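Across the two complexes that follow, subunit A remains constant while its partner is subunit B and subsequently subunit C.
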Partner chain A sequence: MPTVFVNGQEITIGDKERLNGIQVAERAGVDIPRYCWHPGLSVVASCRMCLVEAGKKDSATGKITMQPKVVPACQTPATDGTVFVTNSPKVIEARAMVEEDLLLRHPVDCPICDKAGECSLQDYHFEHGREERRADIQPFTSRRRELGDTVTLFVDRCVMCTRCVRFTREVSGTSELMVINRGAHEEIDVFRDENGKLEFPLDNKLSGNVVDLCPVGALGDKDFLYQQRVWFMKSHDNVCAGCSTGCSIKVEENQDHVYRLKPRTNPHVNGYWMCDEGRYGFHHVHDANRVTEPRRLEKTGYVNVEWSVLPQELHAKLKKTSRLAVVLSPHLTVEEAYLLAKYAKSIDSSAVLALGPVPTQGTDEKFKSGFVIHAEKCPNRRGVESVVASLGGSLLNWGDFLGLAESEAFGAVWITGGYKTNWNDDAAVASLANSKLLIVQDCFASPLWDRADYQLPSATFAEREGSYVNYQDRLQSFKWAVRPPQGVKADGQLYWQLLGRTGLYNAAVVVEEIGREIPVFAPAIGGVPEPGVDLKVNQIA
Partner chain B sequence: MSEFKPVLLASVGKPESHTRKVYEQSGGYQALRKVLKTLSPKDVQEQTKASGLRGRGGAGFPTGLKWTFLPKDHPGPIYFCLNADESEPGTFNNRILMEDDPHQVLEGLIISCFATNSAVAYFYMRCEYPLAYKRICQAVAECYEAGYLGKNILGSGYSLEIHVHRGAGAYICGEETGLIESLEGKRAWPRIKPPFPAVEGAFRKPTVVNNVETVACVKHIFDRGVDWFKSIGIPPDPNNPRDAGSYGPKLYCLSGHINKPGCYEAPLGITVTELIEEFGGGVWKGRKAKAAIPGGISMGLLKENEFHCKLDFNGPGKFGCLGLGTAAVVVMDETVRMVDFLLNSCRFFSHESCGQCTPCREGTSWATKMMTRIKHGKGRLKDLDLLLEIAENIGIMPGTTICGLADGAAWPLKNCIKKFRNELEVYIKSTNPSGWMETAAVPALQLLDIH
Partner chain C sequence: MKPDDSSITWIPEPQLGMTGKMFLPLFVQGLTTTFKHLKKSLGGGTVTTSYPDQEPAIAAPLIYRGVHRLNKDHEGRVKCVACFLCATACPAHCIDIIAAESPWPDREKYPESFAIDELRCIYCGMCEEACPVDAVELTSLYNLTGRSREEMIFDKEKLLSVFDATKDKEPMKSEAFGGTVT
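Moving on to the complex of A and B:
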């Protein structure tokens, strides 16, 4: 196996691994600063921040020959005997030079810059920069111009790493961004007409990624701009509920308010990216129209019910009914679907389990890099299906279920929602006219909600805890990022209590239980790692 | 020196020298006929290698050796790019060749393409040469008519297409990978190497990039023989194992403060003094020379007492210059202020920096701003150290940039500050008597913009 030396440390890499200096140094615990290099983009070696000394160790004689000049680590492959030195005076001086150069014309407007706190320019300057400014250049201009509906450009903060330009060429394949002018006058821009009006704006469904890619504060996300200082926010691992791709994401919040979503690197699912639909699709979490009170329908109208008595009250009512049906929304986590299904079966062993409506929109969209936005706009159809198939026998979809409800009078119907918008209509209400007790658990009012005997406010994705199974049968687990608004309880907690379990709902315990009970979920036994587990592995075996 | 008869410039100045008729009357296209009839591409490569011909574009890389870097038995296509993006300040030898003897260039180009098995050649010409463009286009058309280009050239079975492509006025397009990028319709941002163009160049195919004068020399090697070529010039320096020798005739572009500026042909190894005295008619207005640029502005600066420097590929390096470059000698007389020279040089390179690598983009622009301030009487002695520091840290030699433009920007700074430091210090002290000793960061000034 090839051995590489980083600052004297021996690192063994795989025979077929093709790593560059930055990646191999990372394995040695050495962070090499860089602006232009990104693992998801082509190598241009132009920012010159990752300069290191490199050489070769002769395996026979053990003699090390170093190259006389510094080389960019991003462009230098790590092969057997390659020697990297990242802390020599030459390297330290080169980094200080690049850092000084980049700050020559930088406006240094950190106090009003969104990136401050997570800015490579700041961090690297602190670590590798010079003590004092030697330049005599007036840097204090801060021009801003629009690039499109989602992204704005702070021209003078740019360090010309061209990550954003390469992203639009290599990943989204839309090529809106380009470099204009030459030398120190270079700027990022899009095509404009003679009056400066946008002619071909940055307009693609992955546009928000360029903001994440930007190592400095040049590209601003209009949705997030001036909303929150980054050091106030806490980051929580989560999974996007926007479509069946199930991108690994980070939910960033401060005091239970979500400010932005960012992609989390997951080579099995989304790589480094996420789409704008998912990225900006969290605003319903804080929508003023969210339903936040559990209510019961009385003759005089709805009255509020205390959460403390609600489980017992529901349980008492449900126990008395003869025929029970439960609609499991594809927005539920696997654990929630399992607990509710389990509860239904515990009351009525012949309870009908059905899958809620699966929203689709258009067709799957594939981008140049292979990233796919799926037409199925829910995160967990496959997970819920597997639960329903295992516990409820045959799989019943929403249409079949409504048909069944018309012909058969259910004693009680429990419908879970969790959709972002109104998802049912009066026809669905009419189909359920024969059902005696209707329990609707949802985030927003809808015709069914308005007709429910029990209205139970439901949690959104950021408030849920559990696992989703994406289009490729990968199960990813996550914890809640924010607490639900006052009056709302996470769905899982209610089911947990209905099943008579004590304490707080714990998804990790439940998924373990599911793994033992339902064969498909067996790979989840023993804990789900950060990138998730592939459920197909088990099916093949 | 007097026995040397111009070869490359033999037809220049004759009436109608740019036409095929005149060219053929003086033995034109005989070398091509001979090559196609009697030699294989490999022979041509070998003989070129044996001739010791080194690239005339600036770097002086052995031409025959460059051709052998092409992958063997490549299914093709292999592209040949002729670099006629002559933009080095002071250089105009390619222009003379293309305007007054375009067929000589084309004959050399066809032989070179034959040697490299290229079926398509791109003639990349800078935009600022309208007459050369016209003449080359005419000459290419004449060649197609005469069967020197196109399918089955002279019945040899070898076919070649030439496309003349005009640049859009950027110095960096003369860098070989910048040229390739520009040819492909992209920004002329030099590529990272490896892969070298010989492996993956234009349109991701093996590519050779040669200078106009280089291919003109190729024509004469096959006209007059390898021995003739090797009889001219200077053999390798035995003390320098990396010197491959400097053989053949060379076009020297002489300009600046001399009586007879122009493009002159001389054997490699002529000294600056000989060039000025024998060809240039001495420094103008009876003045004394102060300094000279040995081979285009990026090569640095020679002081008057270094004019015995031999202008071969190895010579200027002995005097702290970068190299021979394009052999464009610019003479400055005693009235020239080095501050002006240096500001001009810095301004040129910051204007032409492609802006890809941080050290070059920012370093050249910072140097220009500093020089502007010095010029305007706000200089400090400390600035010279800063300028020197910038110069020493940018370029492919320290490893901080992708291409050599930054080295070219650094050398005038390095040479000028080293060789004329006293003059620069006197200038700074006399124009900024109250602040020259200041070392604290200066308050920001509204500086002249470089565009």
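Moving on to the complex of A and C:
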């Protein structure tokens, strides 16, 4: 086992591990400042911020020979006997010089920069920079340049780390960004014609990631630009509901308003990235057209029902019906699907369970780095299917269910939605004409919603709590990020109450219960860790 | 900044002498004022102000902390750049800003809406301290009245009009105190 020394501390690394100075220092609890190095990109060692002293310890004599000059830690491999010193006066001076050089031509317009508060240049300046700026440049307004529909460039704020350029070459494989000019005049840009019009704009489906990658405020997200200062927001771990990839994300909100989504590092699912469709696909959470009142159809029209009496009322009605059918949306979490299916089976042991429509769009898209955007635009088809398969029912798909509903008169049909757009049509309404009691639970009005006997407003992904099972059978749990709008209750809470449970819906308790009852979910027993659990882990023999 | 930072000089608290411990100097100082006023009023002079018939004179209007104003630059545009530092510094959470891209080519960001709840404000002056462009300032207007709570939430137009009303009497403090004037 190779041993590496970081500031005199012995760190043992694995035989096969290929780590650089920054990574090995992280294990020793030492943070080495850097701009250009990112674990998901290639090494260029151009920013010179991670300069450290490096040397070699002779294993036979124990003598340490240091290299005379400071070297970039990102480019120095950690091998047996490598010695790193990150806190010597030489290193401290080198960092201060790099920081001063980067700030020479920087506009220092932090008050109007969206990155302020999470900016590496700011943080490193306070930590490693000089106390005073010796350059006699007054703060000025940065030049701004459009790069595409999603990203804008503040030219003068850039520190030329080229993370964004490398991202488009190595991860998205689209190579829109480049460095123009040389020396002190270097700038990031895209190809333009002689009039400055964009010829090849930054328009790949992963373009939003360059904003996260940018260590300073040079790249701005147009969707988020000037919406909120970052220090006001709280970050909540969540899972993207945009497609069956199920990227680990962070939902950043302030006072129950979601302002942006960011990828969360998860080597098993999305690495460091997420797609633009997922990133900007949260605006329906605050759509003014969301339905926010539980209502019941009377002869005179719809009347509002109080959430406090709704579970008892529904239960009384459903108990009296003969044949029950439940449509489980692939937007439900595993826990919600389980609770609702269990409730349906408790009322009518032969209840029909069907899967809601599974939206698909195009074909799976694979990028250069291996990142995949799936065509299946729902997060939890596999989770819902696994739950139903084990509860002893056969799961119908949406088309089959509508066919069955035409031939058979159901006493009650409970349909769950949660889709972003209108997902059903008048044909579906006509197919369900024979059904006596129609309960529709959804976020937006639709033909089925307008015909429902009970209209129950539903929560969006940011308001839900539970777990999704992604395309590779990885179960990831998350908690709610924002409270639902007034009048809306999270679906899980309603099912929880329908099953006669008291208190608040607790997804962690339910997933534990599912793990004990359904063998497929057994890996989830004992708590689901942050990167999720692989449900196939027991099947690989 | 950490307590052991080399740029901080720590000074021990001076020891109080016997008279200090008995509060004698302060005692004498207070009673001096009392007797001064007593002497003045016995001699026929008044020491109180008949407010509201008579307005009290504010000795230093430039450092008085009254109603806020939003300063304008030399082109008459709002100086504020919507950085939210005042709202961040505000201990009473009475400042509400909505930022937007500015309509002017030489500026990047400006406040689309800027509102201060004058009833919630505690007039501490932290917003003025925090402002990097000297846009929000406290004036010497102190007699603030209104008929409803809504009326006391001053929006951008109102705050700019306070600037117009007070700019002649109270020049921008940045000028007086050597700040950035644009």
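Note that in this section the second predicted complex is superposed on the first by the 535 of 541 C-alpha atoms of A that agree within 3 Å, B and C clash if a C-alpha of one lies under 4 Å from a C-alpha of the other, contacts with A are read in each partner's own complex, and residues count from 1 in each chain.
The rule we apply is simple: a residue touches a chain if its C-beta (ideal position, glycine included) is under 8 Å from a C-beta of that chain, and two chains touch if they have at least 3 such contacts.
For clarity, every value in this text was computed on a predicted model and none was experimentally measured.
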Review point. Should the superposition on subunit A be reported as showing a clash between subunit B and subunit C, or a fit?
Key: fit
Practice item. Determine, under the contact definition given at the top, whether A:Arg144 touches first (subunit B), second (subunit C), both, or neither. Key: second
Point to revise | Residues of subunit A touched, compared between subunit B and subunit C (which is higher) | key: B
Practice item. Have a look at where A:Leu51 lands relative to subunit B and subunit C in the superposition and call it first, second, both or neither. Key: first
Review point. Thinking of the overlay built on chain A, is A:Val303 touched by subunit B (first), by subunit C (second), by both, or by neither?
Key: neither
Check your understanding: If you stack the two complexes on chain A, which partner ends up touching A:Leu102: first (subunit B), second (subunit C), both, or neither?
Key -> first
Practice item. Mind working out whether A:Gln75 is in touch with subunit B, subunit C, both or neither, as first, second, both or neither? Key: first
Check your understanding: Which partner does A:Arg133 contact after superposing on A: first (subunit B), second (subunit C), both, neither?
Key -> first
Check your understanding: First (subunit B), second (subunit C), both or neither: which does A:Ile92 touch?
Key -> neither
**Study point:** Contacts of A:Ile64 with subunit B and subunit C, given as first, second, both or neither
**Key:** neither
Point to revise | Overlay on shared chain A, then closest C-alpha pair between subunit B and subunit C (Å) | key: 13
Revision key, fill the gap. In their shared complex, subunit B is touched by residues of subunit A numbered 43-49, 51, 67, 69-71, 75, 93-94, 97-98, 101-102, 104-105, 132-140, 159-160, 179, 181-186
Exercise for review: Over in the complex, which subunit C residues touch subunit A? Could you list them?
Suggested key: 7, 81-85, 88, 99-101, 106-109, 132-133
Exercise for review: Quick one: which bits of subunit A touch subunit C in the complex? Just the residue numbers, please.
Suggested key: 109, 111-112, 131, 141-142, 144, 225-227, 229, 231-232
Review point. Along subunit B, where are the residues that touch subunit A in the complex?
Key: 170, 187, 189, 192, 350-359, 361-366, 369-370, 373, 386, 393, 396-402, 441-447, 450-451
